[in-house]
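Following are the structures in question.
After this come two complexes, each holding chain A, first together with chain B and then together with chain C.
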Partner chain A sequence: MADVEKLQGELSELLLVEDPDAGLAWAEETLKGDIGVTDFFNLVFTPAMAAVGDKFGRMEIFLPELMDAADRAKRISEEVLQPMMAASDSDQELIRGKIVMASVKGDLHDIGKNMVVLMLRVNGFEVFDMGVDVAPRDILDKAKEVEADIVGLSSLMTTSMPYMKECVELRNGFGLKGNFSVIVGGAPITAEYTAEIGADSFGKNAVEAVERCLALLDRPAIE
Partner chain B sequence: MKNSPIYDYMLSVLDKAEHGPVVDENDWDFNYINRTIKDLVKKYDIQWDAEVMVPADDDLADRLFEAGMELAREVGVYCLDTKRQMKWSQEELDYILSTAPKEEVLGLGEDKVTVRHRLPDEDSPITTIGGPYGTPVAEELFVPIMVSYAQESILDYIDNATLVSTHGRPIKAGSPWEAVGCWQEAQLSFEVLERVGRQGMPIGCAEDSPSAIGELATTTYGGFRLTDWHHASFISELKVAYAELTKSIHYQHTGAFSHNFYNTIYGGYVGGAEGLAVAIVAGVILMKATLNGTTFNPGPSHAHLSCNTFPAMIPSLSLGFQAISRNTKLMTSSFPRPVGGPCTKTLLYESAAMAVATVPAGISILEGIQSAAGRITNHVTGLEAKFLAQVGRASVGLTRSEANELVQHIIPLYADQQNLGEAIQGVPFEEAYDVETIQPLPEWQGMYEETCREMEALLGLTL
Partner chain C sequence: MQKIDRLLKVIDKVYSGPIVNEKEFDHQNVAAGVARVIEKYQIAFNKEQIIQSDDKLIDRVWEAAIDFLVGCGIYHTDTQRLIKFSRQEIKAALTAAPSDVTIGLGADARQFKTRQVEDPRPPLVGGGPIGTPLSEDQYVPIMQSYFQEPILDIVVPGTLATSYGRQVRARSPLEVIASWQEVDLVQEAAAKADRTGLSVMGVEMAMSDLGHLSAISRGGYRPEDTHIVALISEMKTNNDLLNKAAHSLRQEGVILGFYNPILGGLGGGAEGVAVLILAGWLAMHLIYLPTSVESCPTHPFLSNSTTPDIMRAISVVGAAVSRNSHLLSEFMTSPVSGPGTESLLFECVAMATVVSACGASRALGVRSGVGVVENHCTGLETRFNGEVAHAAAGLSRTQADEIVRQAIEQYKPVMDQKPVGIPFSAAYDTEIMQPTRAWLDTYEQVKGEVINWGLPME
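Showing the complex of A and B:
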């Protein structure tokens, strides 16, 4: 059996090098060895991406490097892993969950939300990023359209927080509570506020947002 | 009737928002901002020893100014509403910088305050402002909290908190509740000035106007005055919304005093400390070019901690202020946003580090504080602003080299407490102050006095 820890380390480093094709070639070569595609995905690819996310959490890399790594990981998934899994009839899911993300109405800030989007992507989520200043009804429509598991709402300002409440109220009012969870975050958001508006979870930063989304889907965190 | 040159200039700014090249926003963040800044850091050799907290290298400061100017000229500003790039020629930038005043008087009567341009290492006085700067506070605590700042004579003027609610209702951005909230903010602010007998004191406002509605509704008869300190801002990175352009045009017409701010993000699209410094300089130049204010604050914020007292960010900010101060007449403000909240020594140490690092860098204004990173409702008091102003005034006359040594003594007192995403929240106002007498409770007062003595011994300054 391959040394998966060594492979994890190699991949997480390759996701951060200048050459955008380096990880792709390495994955193809590695999968010619004695590790199957499902084990590669679960034991190498996913933990390697999580390790890159952790580096951003510790500010050892910055947002642009995280964006590059997410793009490279996406290419490995689409160009190497998915074709191999289709060929092997594997029922392995490559996506850990679907999330609709938005900065709510009245809030034009996007960097915090973008950080969460990227951290979710490098941790294996499919994310539908609706951007900023998004009305509650539009968010609900998107969640229904893509059959989201989770809706993530961001607000940097107290004056946009009422739109988070509206979003939860609309979800419940339209009978969609069983369809998807709502997680909220942003500088002024607290656990108390989350409970007060009836949201399902709260992440105080991008790292915690990933942990909470995994918990909402009852998936274990990546070791 | 013929327009004045400056009014024609402002119309040309609006034209840029309507007619500039259409740019995808992701492309803006990644290529226009990140790639350009990376190139400029290399081209102008923007680097310093990581141990240095207050660089004292004039050549580096001037190279940083050139890098920031090139970013301003080559990249410009992104208009969020039209999705267009707003670009300026060097001649346009030179024109608008040349119109900047070196000095401005705010306020009324005996409470007038003069703000002046300062150079690095200069021993001329700074202006000090105290307030929660948009930190949310409960309606019933707005007046006592703001009085806790306004009553401190060392503070030249105040900047408001944001109301959590207005008349018991949430203030929704872009709704009529913004106008209601800003009118309540104005009325409560005048009550604060009345209570401390400083009726002419300028007010930093409006802090309940995320769109233009609140500001436009209340900068009028019976509301906020032209002599107050009105705000218009950028969004990171180098983006502007119609709402802020609307406010700026309103200020241009009314003659209201305008303060512009921008929070560039450490660890975000600008990258690390060197890129942050370039963005700080470009941000100040472009705020002048776009919003045409009179005073400027460039943040910044840490991507995870939301603070700006993280050690690696301090030299970027100090150097950015030096670059602006040495090469323009613009008046800048330093604004600590610490991780620590009231009734913690961390808050005081972080504030001291920022004051010592930035006053000798040539700032005009020392303002604050968004305690606990401005995140937690009611976690603000006037005492930390008083402390900041004391350290700031004591730092006037220090050279940058002297300041560097002092900041290096302060950093170890708080650096290991800045953990990811965690505010050291301290206590809310009502547990730090007697709400009736509006005086600090013994625990907070004692901690403040002890830290003053500690700083005097450690830094050799008289507070």
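Showing the complex of A and C:
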């Protein structure tokens, strides 16, 4: 059996080097060896991405590197792993869940939300980022359209927080409570407020956002 | 050129500039643009110090920022177009910017002037809750606790947690009503402290252009007050913000442009933050024609401005502006700690010393508890921040750096715990509108300590 820990370390480094194709070539090469694509995905690829995310959490790398790593990982997934999975008839899901993210109406603050989006992406979620100042109805429509598992809402101001409540109310009002969970975040958001508006989860920062989304989907945390 | 002509030229660019995808702007223009100039101008800060004192490096950062701005432009999110400016246009805007203006009225009027690095003349002092949400019943007393501080040359209000008992929603009639309520309550507090002429920086409740356009008019904020217009991080604007600028220019108001780049964001580390602040300030001088500019660079996980990396960037930006232009500049103390804590005061010592010694025109503070914990702010910390800024004026950067590093040692261990302290009602005796004995004792004790470090506070 291949040394998955060593492979993990190699991949997480390659995702951060200058050459954007280095990881891609390495993945193709590695998969010619004795590791199967499912094991590669679960034991190498996903933890390697999580390690890149952790580096950002410790501020050893910054947003531009994280953005590049997310792009590269996406290419490895789409150009190498997905075709192999399809060929091997594996029923393994390559994405850990679909998430619609938005900064709610009235709110232009998006830096934190963008960080959360990237951290979710590097951790294997498919994220539909709707941008800033998004009306509750539009968020709901998008969630229905893409069959989201989770809707993530970001608010940085007391004056946009009410629109989070509106989103939850609309979801429940349309009878979609069983369809997707709502997770909220942003500097003024607390666990109490989350409970008060009936949202399902809350994350203090981008690292916690990933943990909470995994918990919402009942997925194990990445080792 | 008349201001209106300049603004019209900006608006022309808004509707004719090249169309660019926003993600591409973030990646190519901003992230890659910053990385490019950091390499080209060989910008690396000295980690041994907080206050950077290598003037060659500081001047290179200034050059890098201009180079970056020419390449990057400013993104207009409504039209998805790029507003670009040449070096000549940047030079002209720098020349046209004021270096000495009067803010406020009557006995409360103040001269707002450019300063030099290590300038013995103290900076102006700004303060207030600075957007912190305040409950309606506490709004006037909290604001009064600031207006009554003689050291304040300008006041920055809090936001209203609710308006007439209702949760305020941005871009709704409630934004208009709440913006007017801010004006009413601020005027009431100013009258109680007998400082109705003091310049007030608003509209804090103007989440969109609605609040700004209504509350800066007859009976509302005056031209002598200070009208806020932000640049969206990183390097973006929109019509809401240009509407604010257009309105305030017509009102002949004192306009303040503010821009808060995020550490670890598109610009990367401290060096990138410094480039972005300078470029953003120049960008605002090109598109909003402000009187002065301000920044509160923000930590991505702690939301404060008092981390070592951020203060390194501030020390460079303050000095770069003073050495290369006559722009009026300002930085904000935004600590993790709140009222009643020692750490809050040490965070003020660090930031206000950096700001004052590096030539900023005004020291603004204190956005206690990073401005998000309801009613957690008091006039006393602003007095302290101002006193530090006054005392640090005239220190050499080397002396100042010693003090800053000692202060950081005091609060660094508790930063992650976010000690937000106690609310105003527990920190002040509201009958007599004075800090409680306990809060005052903490203030006196920290003051004594930093005097021993060599900061000449009175």
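The definition used in the following text is that the second predicted complex is superposed on the first by the 223 of 223 C-alpha atoms of A that agree within 3 Å, B and C clash if a C-alpha of one lies under 4 Å from a C-alpha of the other, contacts with A are read in each partner's own complex, and residues count from 1 in each chain.
Just so we're on the same page, a contact is a pair of C-beta atoms (placed from the backbone, for glycine too) under 8 Å apart; a residue touches a chain by one contact, two chains touch by 3 or more.
Because the structure is a prediction, the values reported are computed rather than measured.
Colleague: Should A:V151 be classified as contacting the first partner (chain B), the second (chain C), both, or neither?
Modeller: In the superposed model, A:V151 contacts neither chain B nor chain C.
Colleague: Going by the contact rule stated at the top, is it chain B or chain C that touches a larger number of residues on chain A?
Modeller: Looking at chain B versus chain C, the one contacting more residues of chain A is B.
Colleague: Applying the touch criterion given at the start, work out whether A:M115 contacts chain B, chain C, both or neither, answering first, second, both or neither.
Modeller: both
Colleague: Once chain A of both complexes is superposed, is A:E208 in touch with chain B (first), chain C (second), both, or neither?
Modeller: first
Colleague: Report for A:G106: first if it touches chain B alone, second if chain C alone, otherwise both or neither.
Modeller: In the superposed model, A:G106 contacts both chain B and chain C.
Colleague: Does chain B (first) or chain C (second) touch A:P188, or do both, or does neither?
Modeller: It touches chain B and chain C both.
Colleague: Going by the contact definition given at the top, which residues of chain A touch chain B in one complex and chain C in the other?
Modeller: Common interface on chain A, chain B vs chain C: 56-57, 59, 62-64, 67, 105-108, 111, 115, 157-163, 187-188, 205.
Colleague: Inside the complex, what are the residues of chain A that reach chain B?
Modeller: Those in contact with chain B are residues 56-59, 62-64, 67, 105-111, 114-115, 131-132, 157-163, 165, 187-188, 190, 204-208.
Colleague: Please output the residues of chain A touching chain C within their complex, sorted ascending.
Modeller: 56-57, 59, 62-64, 67, 105-108, 111-112, 115, 157-163, 187-188, 205
Colleague: Using the touch definition from the top, list the residues of chain C that touch chain A in their complex.
Modeller: Interface residues on chain C, with respect to chain A: 26-27, 31-32, 35, 133, 159, 161, 167-171, 175, 178, 205, 207-208, 232-233, 238, 262, 264-266, 268-269, 272, 300-301, 303, 370, 372.
Colleague: Okay, in this complex, where on chain B does chain A touch?
Modeller: Residues of chain B touching chain A: 25, 29-30, 34, 80, 136, 162, 164, 170-174, 178, 181, 208, 210-211, 235-237, 239, 241, 265, 267-269, 271-272, 303-304, 306, 373-377, 420-422.
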